[in-house]
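Next come two complexes built around chain A: one with chain B, the other with chain C.
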Partner chain A sequence: MIRFENVSFGYKEEISIIRDVSFHVEKGSITAVIGANGAGKSTMARLMRGLARPDKGQILLDGVDLKTMKASALAAQIGYLFQNPDRQICKNTVKEELEFSLEHTVQDPERKEALIQEVLTALDLDPEAEPFLLSRGERQRVALASALVHKPELLILDEPTTGLDYKECTQIMEYVAGLNQEGMTVVMVCHDMEVVLDYSTRVIVMTDGHVIAEGQTKAIFQNQDTLRKAALLPPQIIGLSQMMGEGFEGISTVAEMADAIEKKAKGGAEK
Partner chain B sequence: MILMQDFSFQYASGKKNALENIDLTIADGDFVGIIGNSGAGKTTLTYAINGIVPHYYSGDFYGSVVVDGMDTVESKPEELAMSVGSVFQDVDAQMVASMVEDEMLFGLENFGIPHSEIEERLSEALEQVGIADLRYRELESLSGGQKQKVAVAAIIALRPSIIVLDEPTGELDPRSSEQIFQLLKKLNETYGTTIVVVEQKIGLLCRYVKRLVLLEKGRIMLEGPVREVLKQADVMESIGMHVPRVVSLHKELVNRGLYDGPAPIGLEEAKAMTEEVLA
Partner chain C sequence: MKGLMNYFPGNTILHRLDPRTKILFPLMICIVCFATDNVYVLLGILVLDLMIGLIGGIFRQALRLLKSLLKIAAFLFILQMLVVRDGEAVFHIFGLAITDEGLMTALTGALRLIDITLPLALMISLTQMSDLANALVSRWHIPYKYAFAVTSAIRFIPVFSSDMQTIMEAQTARGVEFDTKNFFRKVGLIVPLCVPLLISSVKKIETAAMAVELRGFNLRNKNSSYKQAQFRLPDLITLLIGVGLIVLGFVL
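Here is the complex of A and B:
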């Protein structure tokens, strides 16, 4: 879907943020980008959307260099949720915000209306509400709605769950997971390791502008060495399974953990 | 001390009370975590403490809120600011300068801190938050998480007696989030700073605060020492709140009749619980 080839980037020459990064995001995956603050995750997301141009190397979307693509084509193919929703909301009502998103990407009025209604229902939004009078969580949903209302092939989310409560977080992620089932590729920058574990299929680990590991989510979380290098902590149950050691390998959910404990406790009692 | 008595507030733009009949006492030196779903009134509660409600958001204010002996309705926000340091949810809205050092100086100079003390306070706060290397950086060049740390540093440099923080780790990675809470704990223990913090990461919060207040639809639903509140994980789940996975594991083990001890706070206690079941 999208490929980084030896990409380097810095906002100023002396501060390099992304250093010679190469990786590939598989079509149809939900790929999480994890790493410490300042590791370069948001910058990488911006590069992926074409909001910043690499100083070196190239970024290919389905084989086409992003540099050669028109801004309108990029907008049509890639949806993008900024870290701070207030940076992207600009209209007076939720509905106007969504119409604005579709202005250059969908022409047919009926199709437009259908797409808007679908996303309003899915994300539980009031079309007439004024975005800036809504709570942070609601504004986040408005921003997300406008990022994906046109059903882009690739959806990039920069910390989609920040400022959301658990219920809202689950609601948003379930919707995103549903869109992924329909074929949308998702890349999300995320600090909540439980969300990463629950929803992502692949993980890219970043440290200090480098990609230090890439692979299946569970495999990455099992690798204590990688997590340590990236200054990350595993999700709670995986952390517990690692502390317990033998007999608890590969466990990642509450149910699996309870089963393992029960099995071992009863096994021990029988002896 | 923070004393709220039968306090209710409805924003001028709101259709119903954001907070309703709140009776809450937060003693000097307490460390309190505020949890609840979006729209439960958590941010409004912080606004009531630092005086943003009712001074910057008008509305109907009932009952009383007294902070460090000052009635928040009668006191000016700038008077309250001498006692209460605030870290807001939207850090971008909090920043006034273009460089980290200037952002830090803004508060210190406005508070009339003697020049001889400023350098020490500034460098100490940056050091404590772990961002001494960002001192001369432009704020615009920082990541969301780094800005959040700057906001915290700027407040602790002022050494207020009460610090109110609204989701201070929202954009921080797990290690940095842990670091912020370790720092808050240190301030609480060393200087007796009263800390009130709104936080979504309940697992993290439980390991540091002394008490939890659970708000739901503008009312206090649960309140008490952390373990007491966690005992009622079912209540939290019933309103769709996140319960730490090790607490869910505890519930599962209790349901299967394998364990009857209290819910663990953090991984170490979860390990102890597991070992006890296996023993």
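Here is the complex of A and C:
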């Protein structure tokens, strides 16, 4: 879907933020980009969306160099959710907000209405509500709706769960997971390792502008060396399985842990 | 990335100037620019502005600012060139006569805009806002509340500029053509952008006001500061240069 080839990028007068990065995001995957603050995750997301241009290397979207396309023209193909929803919202009602998103890409009024209704229903939004008077979680959903109303093939989420409570976080992530089931490719920059474990299929680990590891989510979280290098802690269930030692290797869910404990207890009783 | 109006630390002679001098000198340049119509004087002031950047160790920032100002100056130049009708026709554009006086007014107007904006922005980049506030309060006896308001307003400029950049990116990501090369179209697109900027600015200011209240802002009843602004020989020389320029501006 999207491929980084030896990409380097730096803001003017500063050292490189992204250094010779190469990786590939597979179509239909949910890929999480993790790393400590300042590792270059959000910058990489901006590069992926075409909001910044690499100094070296190239970024290919389905084989086409992003440099050859205008960032605004990519709105229908790539949806982008910013960390702060207030950056995206600019209209008086939720419906106007969504219409504004489609203003530049869809001309047919009927198609426009159908797309808006679909996303309003899916994200449980009141079309007449004033976006700035909504709660943080609801505003995040409005921003997500405005990114998704185009039905993009690729969705980039920059810290989608920041400032959300458990219910709001689950609601947004379940919806994103559903879209992924329907074929949408998702890339998310995320600090919440529990969310990464629950929803992502692949993980890219960054530190100091470099990609230090990439692979299946569970495999990455089992690798303590990689996590240490990236100054990250594994999700609690994986941390617990590592502490438990023999017989508990490779566990990544509570159900698996319960099974392993039961097995161990039975084994002990038999002895 | 450090933007315009951010403080650039250093120990150059300009950094060490009294904050009052750093405010007065650009104001003097402003007087010169309005006093004279002489293009050579205005060009000389432009060189002086760039010298400030060079001496202050922020030449690249000065050039960057100059580049941004040139765009606005070019717009102003075209506008004045088309509007001023006095003088002799020099050439025609689409049947519209462009006069020598129109060209001269446009040139001086554009140069004035650059000459006035550059020194103040550069001097602010060389001044710590806390020093400026202290100098305003302790030397000019401006009530601290007002000095704080002035310095906070200056401090917020780069913050808002960075916010604006992010908001533009957010709107570009939604398909708004901010990456267009058409200047007029870009200006038209800025209107919807003002709403999120205004909302985020008001929120930010509200939080900042609460934060200073919580730190006992209104309890302050005595002017005190561990640093005192000192008026030294370099300050005197700078201001004398300013006076000299004003005289030159009125004479030429």
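By our rule, the second predicted complex is superposed on the first by the 268 of 271 C-alpha atoms of A that agree within 3 Å, B and C clash if a C-alpha of one lies under 4 Å from a C-alpha of the other, contacts with A are read in each partner's own complex, and residues count from 1 in each chain.
Assume contacts are C-beta pairs under 8 Å (C-beta built on N, C-alpha and C of every residue); 3 or more make two chains touch, one makes a residue touch a chain.
For clarity, every value in this text was computed on a predicted model and none was experimentally measured.
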Please work out whether A:Ala231 is in contact with chain B alone, chain C alone, both, or neither, and reply first, second, both or neither. first
Check the contacts made with chain A and report whether chain B or chain C touches more of its residues. B
Answer with first, second, both or neither: which of chain B and chain C does A:Ser146 touch in the superposed model? second
Tell me the contact category for A:Thr201 with respect to chain B and chain C: first, second, both or neither. neither
Partner chain in contact with A:Asn223 - chain B first, chain C second, else both or neither: neither
Is A:Glu159 touching the first partner chain B, the second partner chain C, both, or neither of them? first
Pick one for A:Asp86: touches chain B only (first), chain C only (second), both, or neither. both
Check whether A:Tyr11 is in contact with chain B, with chain C, with both or with neither, and answer first, second, both or neither. both
Which residues of chain A are in contact with chain B in one complex and with chain C in the other? 11-12, 84, 86
For a test of understanding, state which residues of chain A touch chain C in their complex under the given definition. 11-14, 46, 49, 51, 70-73, 75-76, 78-80, 82, 84, 86-91, 100-101, 103-105, 132, 146-147, 150
Which of the residues in chain C come into contact with chain A in the complex? 1-2, 60, 163, 166-167, 169-180, 192-193, 195-196, 199-200, 203
Residue set of chain B touching chain A in the complex reads 13, 36-39, 89-90, 92, 141-146, 149, 167, 170-178, 200-201, 203, 240-242, 244-246, 248-249, 252-253, 256, 258, 267, 270-271, 274, 277-278
Which positions of chain A touch chain B when the two form their complex? 11-12, 15, 35-38, 42, 83-84, 86, 133, 135-138, 159, 162-169, 191-194, 231-233, 235-237, 239-240, 243-244, 254-255, 257-258, 261-262, 264-265, 268
